[in-house]
Each structure stands twice: as structure tokens, then as C-alpha cells.
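Order of writing sets the chain letters: A, B, C, D, E and F. Residues in each chain are counted from 1.
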Amino acid sequence: MDEVDKIIDDIRALRVQGARNVALAALRAVRIVADRSNDDLLRDNVKSVVIRLAKTRPTEPAMRDALTYVLRHLSSKEELLRAIDRYEDELRESETKIAEYGAHRIPDGGTIITHCHSTTAINVLRRAKELGKEFRVIVTETRPLYQGKLTAKDLLAAGIPVTYVVDSAAYLFMKDADLYITGSDAITSDGYVVNKIGTALMAAAAERFNVPYYVAASTLKYDPVTAAGYPELIEERDPSEVIDPSELPGAEIRNPAFDVTPPELVDGIISEIGIYSPQIFPAMVAQTKGVSDLEEVIALFRLAKERGK
Amino acid sequence: MDEVDKIIDDIRALRVQGARNVALAALRAVRIVADRSNDDLLRDNVKSVVIRLAKTRPTEPAMRDALTYVLRHLSSKEELLRAIDRYEDELRESETKIAEYGAHRIPDGGTIITHCHSTTAINVLRRAKELGKEFRVIVTETRPLYQGKLTAKDLLAAGIPVTYVVDSAAYLFMKDADLYITGSDAITSDGYVVNKIGTALMAAAAERFNVPYYVAASTLKYDPVTAAGYPELIEERDPSEVIDPSELPGAEIRNPAFDVTPPELVDGIISEIGIYSPQIFPAMVAQTKGVSDLEEVIALFRLAKERGK
Amino acid sequence: MDEVDKIIDDIRALRVQGARNVALAALRAVRIVADRSNDDLLRDNVKSVVIRLAKTRPTEPAMRDALTYVLRHLSSKEELLRAIDRYEDELRESETKIAEYGAHRIPDGGTIITHCHSTTAINVLRRAKELGKEFRVIVTETRPLYQGKLTAKDLLAAGIPVTYVVDSAAYLFMKDADLYITGSDAITSDGYVVNKIGTALMAAAAERFNVPYYVAASTLKYDPVTAAGYPELIEERDPSEVIDPSELPGAEIRNPAFDVTPPELVDGIISEIGIYSPQIFPAMVAQTKGVSDLEEVIALFRLAKERGK
Amino acid sequence: MDEVDKIIDDIRALRVQGARNVALAALRAVRIVADRSNDDLLRDNVKSVVIRLAKTRPTEPAMRDALTYVLRHLSSKEELLRAIDRYEDELRESETKIAEYGAHRIPDGGTIITHCHSTTAINVLRRAKELGKEFRVIVTETRPLYQGKLTAKDLLAAGIPVTYVVDSAAYLFMKDADLYITGSDAITSDGYVVNKIGTALMAAAAERFNVPYYVAASTLKYDPVTAAGYPELIEERDPSEVIDPSELPGAEIRNPAFDVTPPELVDGIISEIGIYSPQIFPAMVAQTKGVSDLEEVIALFRLAKERGK
Amino acid sequence: MDEVDKIIDDIRALRVQGARNVALAALRAVRIVADRSNDDLLRDNVKSVVIRLAKTRPTEPAMRDALTYVLRHLSSKEELLRAIDRYEDELRESETKIAEYGAHRIPDGGTIITHCHSTTAINVLRRAKELGKEFRVIVTETRPLYQGKLTAKDLLAAGIPVTYVVDSAAYLFMKDADLYITGSDAITSDGYVVNKIGTALMAAAAERFNVPYYVAASTLKYDPVTAAGYPELIEERDPSEVIDPSELPGAEIRNPAFDVTPPELVDGIISEIGIYSPQIFPAMVAQTKGVSDLEEVIALFRLAKERGK
Amino acid sequence: MDEVDKIIDDIRALRVQGARNVALAALRAVRIVADRSNDDLLRDNVKSVVIRLAKTRPTEPAMRDALTYVLRHLSSKEELLRAIDRYEDELRESETKIAEYGAHRIPDGGTIITHCHSTTAINVLRRAKELGKEFRVIVTETRPLYQGKLTAKDLLAAGIPVTYVVDSAAYLFMKDADLYITGSDAITSDGYVVNKIGTALMAAAAERFNVPYYVAASTLKYDPVTAAGYPELIEERDPSEVIDPSELPGAEIRNPAFDVTPPELVDGIISEIGIYSPQIFPAMVAQTKGVSDLEEVIALFRLAKERGK
């Protein structure tokens, strides 16, 4: 199989995991195509692979971010390759920057609460530990898949004290917390944060105790098609993750993977371009990464959602 | 073993379960002692068994309610026995009344959300169904012990449609709910509701969507020693209910059984004496069941907490 | 026609208007029946007329209040007649007391906002004017029936300056108001206030500006059957009061007469027994007027709702 | 009369209605003047007609938007004409884009509530219907001029089910709504939305039920002079629209046309450049339409407000 | 001078300080008059001294409480003297009970914040210390008279660690507090708490952080004339307590002594009859101390406010 | 001493006061160094003086703003000097613009409340007075250093009526205020306002009464290193400013100079680039003053914090 076909196939088959890795793989495919093209054919060839890539994961904001970036740098092969280099560099640095910026916000001697498992959020806490801060993290188990266990293990391995509780204990423990932190699956144009089911529930509790809630998330997570009104779809997963349906014959079992936290419950997004209110995130992304043409983004998104290969 | 000793032993060993049953068993013991006493010895004999009973479960409000009631009716053997008859009658009727009153509040065609397993709350829903109302109930699984499964089964058996979800899905489903209902383990003098861990978390979500929250609870659940500042103790249960501690060596695992919902998040207590705001509950209880002498209640509570038999 | 039949007929045919007048007419009928009965027959005769009266207006709290009061004073003819005298006296004085108590709360030099037309609320404002206070009243027109016009006329006649606005201007004018006052059609056991459509909308605006909201209402307006969960029914009136339906063929036109304000939006009920938080109203009514047996109230209410004469 | 004079006269005499049409008419006048000028005189001639146009409607943000745009593109006749072409194109497309973006946010099977009559908001609803979504719209009559009737007719004509109610019923119906949508007359630099009287009242009710409130508005509605502290003036219209003053002799009758909704009550502005939080609107407008020089905008605004022709 | 005249004079001249002491002194005067009277003259003699006493401090709720109590027990000399004995006993015990009940609410290892100087609140903290609890108290200096200094000294003397800050630091320190506690000068029928200027400001900050606010106050502080609408008057003290007016010629200097905290900011009143929500306080006082006739209380209050001796 | 050394020394020794003056002095030093350098040495020489300047006041945002501006304009000597001219011009105009923009927001006939002493806020009020507006200003004394006295004097000198109160009276007077205005020491990337201790406390009170809170502050006050998570440090000043420690032996006396107001309590920043929500401030600053490279800002900040000269 052609190398490009292989990459596309790997992304589609979920053999590539994580927003960053998906974006990097997509760029690798574009780079190969660009390398093979001369300036005359560049535009057509790249657009063609961009569409094929877009179709692999039509609802992944990171994919959209990488591909619209590519479409903004097609004036010449040289420019495109330089742009891809730059994008990759920034991607590599972004995890480090988020960890560094976020670590400054972790209060020394404080208590942090987190939900689910986010490498980006954990990196913030690890970096804070490296900077010599002492703090304890309340970790919720995160039913139905217990990602909290992974989080607890990662933190313990980093020497950070952990208190492990069921999800519904969040209210009781929130009153002693100094900061609530999570990752994010997507951020909308009007500042809503899509993340693992339970995130918004805990954010509502955090607000009652005036505990600040920060989201550690790369600008990749900003999803520009939400500016055109397209809602983030809440994935509904297999009910048997929650309970063996035969235990409750006749019951409807629901297993939505995400909930959506409104911006008034979020104090800031910790991103590689800085820490800003969620409402302002699209403006800051545009200022540092360039203003995308919204109609172009929509067009790509629509193409991606069309059926067929 | 003497019949009275047996009852006392059964209560202490948790062979008697449920607030109502504990109160009825305690009264049975008092009745036996009263039957055996003449008017001269009544006071001393009854007080003595009251203290022994109080010591079996020093933190159970229903026990306290029954025993302080007894202490208010010691003028004669005849009066005491009549008072016990009356108390037992009322206890028997209270479950029915709560179900009836609460059922009127269940909106026909509506969606209800509940947490954990409360016979009293389920009776309300069953009675509403008997009255011909159609509604669906969102049931949260209630980690760590999955009491939500029991609730789901009870409701399905009564022909009530059930949607079963993880606890942390409460925010997502709350926005479509018309009413949030739970039982209660204890109600304090300043209107706080002690109930299964997660209750307050969901109440905070209910408030954001202006979903009314009603607590189905007998007046037995009102705990007068809270008026003297004694806090309801939050039982901390075995960590292994949450996770096998060997899976997370080094982690602190916490398993509190209850949380405490403040009165501003509770719209009403559905009790056998009517539906009232939680703040007003102590006043209504006193109006219909008689004003207890707070110092007397405290004295009994303190005696109960003393060590030894 | 018999005098008693005549009274019953007048009440049923809405020839008697206003909560107070309905209660007084019902008592007049009871008094006649009592006068005609000896002590032996009193109980049966009075109960019989009570049921006939109850059926005339099954949803009128004032009627229920008067009749359950009668049922609490049936030990002898003499006691009943004295009780009726007392009730009538109190009813006569209650309007004056509410006006007096409420008037003390009207801020001199202030701005008041009111909605719809309530004689009780207007009496409060009139009395404040008599006490020498200067203030302006914002009056909302109260669509669809423009009861605001009546209110404006009553206030102008009392020499009180009036600003007349459409209902939807309430937000804009609320920020300059010092107090929001209305009457009430019914008050529930958990402190909700049923009043003319728009009352709750304006109460929500008042809360944003921290403008206190007081309800001028006799204890007659407390509806004890709500303690048993019976909801206040929101009367749906003729759509043609809103618009000639032929103007909007195909549209659903809705004309609910009332909305329901939750207790957290109400700062106090100004009643003849004093000014209290809405949550506490049932306790204060019971303390000064006697504790009703809830099951007795329900029984009367159910009888009243049964069909037939 | 000269064609330019005619246009200016038509705008001033309100023969041109609607923000978009006013902006287009003003550009038509500028285009004529530009066509008649060579590059040397372009600047002076255009500035002169800009000032005359600005004076016709000193408080219309759309007018200001068009004219400050013109002032930013005066480097040459060719550039100006091309810029005007672009502006007109965008204006034409903006209605379509807002309808499309907004339509994605309309929940299928949901209930929408709206106030007053806004072509932009109605287009959103019409487009959602075209996309196959089923929903009902609660329409408030919008006293005193009953623009709700127009809205109801437009929606019915598009096959959208309508429920028509008085304005003050908004609280009662809000609890069943999934979305509140209106147009806007102006949006300030700190995110306040100026719209028909009653809009803010309903937004306060929407917040209590956590119903999202979206404003459908072109970027034309952003008024940059508010960044210099100039408040939007609330037009006070003829009292006789509210009531025949002879009906209430002595009463002050007030008829403000607008109220102002604070940004914390608004979830998003649906504009042709995307859906964003109201706080961020000035940043997004500047990013896509160019940063205006605030002092230049003020200067134009002040000239416009000066007396004389 | 007669002993009764002396007592009356001492009260009037503020030689008797503190709500409790004023009440006790008034009862002493009544007792002397009762001792000198036979049953025939008792009523007239006592009423006469009651009116003289009432006039000494017309705005002191504790005085009103003692005197209306006296008026409720005039059936015989013997009953009156017994009643006075009982009242004095309860008064003596009330301070102890409040301290005991409140102490149970002080969290071991916690941080408390208080404002101004209240012996009752300090007794609560002292008793908690005696019970072996460890905690720190943030004390605000309480401008203009620095009563915080007294509070700090009292606490330090009791071995309780103190952090002393300016009043305006309350927001910053509130986020680390577990409980906010003050005394009270008066409590109204609708649950408002009148206390030293700044109390409400800090209560608003406490609410933002969900820090519970408890008021330590004897039932003496409940002022029943507020049920008749009479507002608590906010004493305006000498401006020179704030600043030497010559330092700011032309400035208005205001020095109100109190502010008024609304019940939604108060979690409970810690009184000798138990800990209850502020809204419910009048009901609980009536239940344990007897229902006063509101008109009688008003009559006494009015007499007290009349001029002359 | 060299002129540059002298400037640096004056800044370090706090002989230069006020954010604007510090920035101007720093630019003067840079200008001198630039004048002495040719284009070859410019970069190195300027960077060297920039670092020396940065070290004088590592926590002063205005200093950072000026120096990062310098670092963005180092392409040539000519460009740098022109840039400095422009910066100085803008700085000079900024005070005037803020005063002008803010003055438009001051309501004629209204009541303003302010805290501490801010020249920028006072200029807004003075300018409003010059524009002919009549209003009264509530001035809080601002313990411990009584900067309110200065504010009162400045306002009285400008002919503006002043009411002078203790800090803790803010709640009582807030309900009659139309606007709350202060200056600011720093504004963070997520919209928090750092200002004199007490500012946040009063902002919380303002919110309860829906009184808008505006901050008058130059864009100099925006501190970009907060985008990298560096918190604003709250200076802790000498305890003896609060009280002579010998008066309270054993007490901890705390004297933090600032508190931090969250953006949801701030309605707008009145700056020289316009009036915007605090959340959006970093976006607007970047749009008008250029996007800084965050890593460059951090590097400068870190250098500044390193020890040594």
C-alpha cells in the first residue's frame, strides 16, 4: 500500500490516537504529497489529499485545524513545506508551554480536583511538581470506564499525593479544593467546553464554592465549524459499558460520552498561546494563528461529512 | 434471653433495618416494659429501657424521635400505652400519606430524576403511576454500591419507564427533567438534607436548570439534636467498596456515604404532615407532634453516646 | 327559595366576588343553619351545608379556610356561633391591619412598582399616603384585561402619582424601584405565590436588582390542600381576550390567567398576622388560627370536587 | 432634485427602513459621488457626502458602519469602488449566512421563544424549517404595537407552528423553551444588546431556567461609538401608543421603545462572521472587517450630531 | 430617689448596657412594683411601670420582649412573680446554651471569620476552645470604633489564635474561612439581621465562597414590632467618629451604625432555643416562649414612642 | 552619575511614582542609549539597558509594556526613535481619552461610588463634571492608609459633592449607587482586576444590587506575563500600618495591599482604546498595539527577576 494510503487508513481505523497525533499524521501525508508534486500540480494534489484526510475523522477539530492551515499556505511548494515545519514545531512545543503556563497557576500547598484522564492536564500537574510545589489531587474514578484510575497512577508515579473518590463525591470534596482542572475534547466558538461526561456537573459544583475551573487544552481543540452553528455531537457509546443490559430488562440504558460546560462556569483555557477566558478563545487563536475563512472551513467540513471514499 | 433484651440486641446488631422499623422495635420494647410496670415504677422502668435503647444507635434520628416521644407521655401507664398506639398508627399511615401527597406533585407526561434507592421516594412514584400518570424516571446508578439498580428494578416492576445512567450524567439529563426527588437519611434543624453521596451534587445541577427538588421523608427523619449544634456525622465506609486498594498503592481512597444539601437547593420536604420548605420543617413537626424540650433531647443523646451497656 | 339556597346559588353563580366576600357569605349560610338547629342536630346539619358550600367553588382557598374553621368549632351551638362572630370580626379587621402593617414598609420618597389590580395592595399604598408618605407607583397595564388601568385610577384618586407602562417595560423601570408589591390569589404550603400572569416574570427582574418583593395577602389566601400536594390549577381563559383568533388562523392562542412565583423571589407576605417569609406562612397561620387536621381539609376538598349537588 | 440629494432626503425622511437598507442607500450615494470625482477630488467630495449622510441618522449604527468603512478606503477611486462592491456583496450574503449558521442551532423537536419582530431571527427559523427541523415557536404579542402578530404571520406562512401569548406570559412558557432568540437594534462595545422593550425582561427569565439566549444580528449592529462611552439612547415614543392619555388624566405615561440586555444574559450573537459571545463581538468584527480608528469614528459621530444640514 | 425610679433612670441614661442587662433591670423594677401591690392593684400598677420602662428605650427589642412577657402573665401576683423567676432563669441559661450549641458547629482545625465585638459570638468560640477544638479566627478591626480590637483581645486571652485585618480585607480572607459568625442587634419577623455596619458586606462575600454564616443571638433579639411593618431604624452616629470634619470641609460625612443582612445570606440563628434558619425564627420563638398578641406589642411600642415621661 | 544610571536608580528607589511615569522614564533611558548607538550596536545596547530597566521593578506591568514595545521596534535606530515618539504621544493622550470615554458613562443626576485613590478614575469624574453633569460620589476612606481622603479632596476641589464613609458601609450605600468605579494596578490575561484591598469586596456588593462596575485603566495595566500563568503577587505591607502590634501581643496582623476581582464582577474596562469587557481586554490590546510574542515577554520577565544588578 502507498505510504499516504497507509497513513489515511491508520487514521480512519483509529490506529492513530490523540488529537495531536492525528494532526501530525495528517501533515505527514500532506508533506509526502507535496514532496511528490511540482508547483503546478501542488494545489490540486494537496487539495485532493486534504479531502481524503478530512473524511477519515469528520468530527475531529484537530484534523480540521491542521487541514485548514494547509489550505492557507498553498502559494508554493516551498512555502507549504516551511509552513508544515512551523506547524509541527509549534505542536511539539505546545504541550511544554501548556504545562509550563498551567504549572504557574497551581497553588503551592493547595488541593486540586480533576476528572477523567487528560495527558495535557496531567502534564500541568507534573510540571508544577517539578517546580517544587506540594499539592494533593482529588481524582474522580470517572464511570463507566474508570479513566480516573489511569490519572491516579500517572500522578502517583510523578510523586503527587492522590485522593481517589467516586464521581458523585465531587460536591463534598469541592469545598476543600483550590482549583478544578480538566482537559477538553473540543471548544466552541461561543466558549463552551466539550469534555468527558461529568465535567459540567463538577463545574456547577465548583461554581457554588467559587473554586476556579481551568481547562488545559491546545488551540487544536478550538473547533471553528461551531462558529457556523454546527453543534459538537455528543457521542453515545455502548450501553453495556454502563451495565449488562440483561440485568435491567426493559430499561433504557444511556451512555453519552461527553457533556458541555457553558463559559460562565470556566475561568480560563490554559493553551500554548496563553491563559484566556473561554469566550475570547476564538479571537486569541485567530490573532496568533491567523484568521481562517469561515466559509472555507465549512466547505471542508461538509466535504468531509459526505459519504464515500 | 428476655424479650426486651432480644429486641435491644437485634437493633444493636443491625438485624432491624430501616428508620421506621427501628422506631417500631424500640416502641415494642417500651410497651413490654410498661405492661410489666405499675404507675409507681413506670417512670423509672421506662426511662431505664429508653436509655438502653438509645445506646444501640446513638446517631439514628428515628430512634431519638420515638424515645423522646415516649418521655413526653409518662404521666400514667394508660396514657403511655395510648400514646404508643397512636404513634404506631401514625407511623403506619405516614408512608401512605407521603406517597399520596407526593404523587400529586408528579407531573403527568413529565420526566423525573432520582438518585440512590429510597422506598419512600419510590412509593411516591408508584402511587403517581396508580393514579394514572405517565412519566419516565432517570435513575443514576449510585456508585459505589449501585443502589440505582434496585431503584430501576422497583420502578420497572411497577410499570414505570426507566432510563439508567452513570451518576456523572446527571447534568446532561437534568435539563430535560421536570422534578428531582430523593429520600433522606436525616434533616437538620436549619433545613439541611443528609442523603446518599451525590445528592447535593445533583441538587446543584437541578438549581442551574430551575428543576424543583423534593425530598420524600417522614418526620422521623428530622433530627432535633442538630438544633443543639450537633452535626450529622458523615459515615466513612470501607475504601474497598470504591476500588481494590492494591490497584492504587499509595493512594488515599475515600468513601464517604453521604453528602449534605443546603436548604436553598431544596424546594420542599414531602412528609406525612404535608409538603413544606426545609427551613420550616422543625416548626411544622413541633406543631403537629408536640414541642420537644431540647435539653431533654440532648440529655438522651448524650446518654446514648456514653460508652458501656 | 330558602335563604341558605339563595346564598349557595349566589356564590356558585359568581354573584359574590372576592375572597373575603365569599368567605363571609359562606359563614352567613352556616350561621342560619346553626340558628335553626339544636345541639343534637347541629353537627349533621352544619356538615351538610358545609359540603354544599364547598362544592360551589372547589378551588377557592378562602372558602376552604372558612369551612374548615367551622368544622373545628362544632362542640356546641353556642361555641360555633361565637366562633363565627370571632372569624367575621377578624376578617373585617384583617384588611385594616394589612394596610397598616404594609404601609410601614413603604419607603417615604421612594418608587413602588405593582402589577395587576389588588385591593389589598392598593389599601397598603393608600394607607401609606394617609400616613404622609410621598412616593410614585409604576403601574403595568396588565394585558390582556388591562387591570392596571383600574389600579392607576384608584391610586390617582388617592392622590398618589402614577407612571403607567406596558408590562414588558418592567425590567427597565425595575432598576429605579425600591419595592415591588402585588396581591395574591393563593399561597401554597411550600411558599409559592399564585398571582396574575406576569407576577413571576417581574419578580425575576426584581431579584436581579435586589428590589424587595412583598405580597399583600390575608391568611385566607393560604391554601392548605397544597400541603397534600394538590397543585394550584392555572386557569386558562378565553383566547379571544388576547386576540381575535381569526387574525391568526392556524395559531395556537394561549391565555393562562396566573403564574406561580417561587419563595426565593418573595421577601415577605404582608398579612393580618404580620409580615413573614413565604416559607414560614403555614406555620404562622397555624400558630394564630389553630392547626387544621390536614386529612380533614383534604376530605372536604375531595367532597367539594365530587360531581352533583 | 439631484440623485444624491434624493437618497439623503429619503434616508432622513425614514422612507428607507431597516438597518441594511439604510447602509445600502448610503453606499449608493457615495458611489455616485465617487463616480463623478477624479482621484484628486475624491477624498474631499466623498468626505463631504459622508458627513451629509451621517447627519441624516446620527444614532443608526449601520449607517456609521458603512461610512467609516468608506473612510478607510479612500486611497483611490478604483479602490473605493471595489471596496463598495465588496461591502455590498457581503451585506447581501450576510442575511443568508446568519440564517444558515443560526438554523444549525435550532433544536429539532424543540420549542423556541421569541419577542417582537426581527426579519433576521425569522430567517433563522425559516431556514431551520427548510432544513427539515420540526419545532414550535412561542410568540409574544409585543405591546404596545403588537409586532408579535407580524412574527406569528411570517412563521405560520413558513409552515412553522406558533403559540401566541401576551408578553407577561413569558415566565410561564419559558420553562418549556429550549432556546430564546431575538434580533437586535444595536450591540455595544461591552456586549450589551439593545432591542425592543421586553427583551431584557425575558432574558432574565430565560436565565432562571438556563434557556440559552441567542441574538441574530449582522455585524452592522455593532456600534463602535459605544467604545467611546456614548450610550445607546433609548427612544421614548408617543404615550398614546400605550393608552389614550384622556383615560388616565394625571398619570405619567411612559413608552420607551427599547431595553438593554447585559452580556451575562446573552449566550451568543449569531452573525455573518460566526456565532460568538457578546463580550467578544467587537474583537471578531475588527478581525474580519478591519480595526477602525476609534477617534475617527467618534469624529464622524460628532459631526453627524451637529446641528444644520 | 425611689428604687424603681432609679432603675428607670439608669436604663434611660444608658448606665445599663447590653440587651440582657436591660431586660433584667426592667424585670427587677416590675418585681418591686409587683411585690408592693396586692392582686387587685397588680394589673394597673404593673401596666403603669411597664409603660414607663418602655419609654426609656423605645427601640430596644430586648426591653420589648421582657415587657410583653410581663403583660402576658398578669393573672395574679403569684403567677407574675413565678413567671419573672422563670424568665430570669432562662435568661441566665440562654448565654450558656447558645455558647454550647454554637460550639458544636465550630469546625475543629478550621478558620473562622468574625466582625465587630459580640459577647455572645465570643462565648461560642470560647466554649469551642474549652471543648478542645483548635481553630484560628480572622478578626476585622471594625471601623470607625475598632471593636475588633476588643474581640481580638478576648480571643487571645482565651488562647485562641487571631489574625487581625482591616475590614476591607474580608473578601481576600473569606476564601480560606470555614464559617462566618457574628452577633446581632435585632432580628426582624421576615428574617433580616440588623448588626454592626459591615456585617452584610461580609455576608455577601461569604455567599460567593459558600461560607456558612451563623448569627449567635438570644431570642431577646427578635423584634416582634417588625411583624407590623415597623422597620429597624439605622442609628446614625457622630461623623467625627469617622474623621475630623475640618479635614474635609464641604464633604458630607455619614456614620450609620448598622446594616441589614437579608435572610438568604444567613444560614442559621444560634439561639438558646436551638439553631434555625432566620426565616423560621419568629415561629420557633412563639412555639417555645408563647405567641404574643401582635396588636398588644404594637400598642406598647406606640406608647413607648410617645413623648413625655 | 551617568544620566541613564540616574534614571535607573530613580526608578528602582521609587523616586518615580505612577505606572505612566515609570514607563516614560524607562523610555527616556532607552532613547538616550539609542541616540548614543549606531545601527550596528543598537540591538545589543538597547537590549542591555532594557534588561537593566526590567530588573528595577520586575512586577510592574507598565514597565513590561514599554520594554516589550521597545523590543518589537529594533530594526533600525530611526524606527526605534519614531516608535518611542509614538508611544509617548499615545501615553500622553491616553489619560485624556480615558477621561473622555468614561465621562460619557457617568449618569447625570446619579450617584457614583469609588474606593481608594486613582487619578485615572478621578479624571473620569472631573471630565464628567466639566461636561456639565451633576452627580454625587460616595468615597470610602480606604483603610489602612486613608487614600479616600485624597480622593475626597480632589473631588471637592473639582466642585463634585462627596459623601465620605468607612469602608464597611459600602453595602448600605451601594443600593443607592448607579455606578461603581475604581482604577486598577494590573489586569490579567483572563480578565481579573488587581486593585487596592477592598475593591473585590465592594464589587461583590455591587453585583447584588446590579450596580455596574467599571475600571478606568490604561492598556499599560494589562500584564501579559499573566498569560503565561504567572500570578500577580499580592504585596503584603507593614502590619504597623494596620495597628501598633504592641496593642495586640500574640496576634498575627496581616496587611495585604490588594485583592483580585474576577471578571464576572466587572462590567467594563474604560481604556484609551475604548470600553470593553475585561475578558476581551487582551484581544483588544493586541489588536491596537500589536501582538506581543508571549515567550519574549516571559524571557524579559524572567531576566528581570534574576538576582544581581
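Keep in mind that, in the parts below, a contact is a pair of C-beta atoms (placed from the backbone, for glycine too) under 8 Å apart; a residue touches a chain by one contact, two chains touch by 3 or more.
Everything numeric here is computed off the predicted structure, so don't read it as measured data.
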{"item": "Chains contacting each of subunit D and subunit E, listed by label", "value": "A, B, C, F"}
{"item": "Number of steps on the shortest touching-chain route linking subunit B and subunit F", "value": "2"}
{"item": "For subunit B paired with subunit C, centre-to-centre distance based on mean C-alpha positions, whole Å", "value": "36"}
{"item": "Centroid distance [mean C-alpha coordinates] between subunit E and subunit A, Å", "value": "57"}
{"item": "Multi-chain contact residues (two or more partners), subunit E", "value": "208, 264, 279-280, 283, 287"}
{"item": "Overall pattern in which the protein chains touch one another (line/ring/star/complete/other)", "value": "other"}
{"item": "Pairwise chain contacts under the document criterion", "value": "A-B, A-D, A-E, A-F, B-C, B-D, B-E, C-D, C-E, C-F, D-F, E-F"}
{"item": "Subunit A contact footprint on subunit B (complex, rising order)", "value": "115, 139-144, 149, 152-153, 156, 161-173, 197-198, 200-202, 204-205, 208, 234, 242-243, 247-256, 259"}
{"item": "Interfacial residue positions of subunit C with respect to subunit F in the complex", "value": "175, 208-210"}
{"item": "Of all residues in subunit D, those that touch subunit A in their complex", "value": "100-105, 264, 267-268, 270, 273-277, 279-280, 283-284, 287-288"}
{"item": "In the complex, subunit A residues that touch subunit D", "value": "189-191, 224, 226-231, 262-264, 279-280, 282-283, 286-287, 291, 294"}
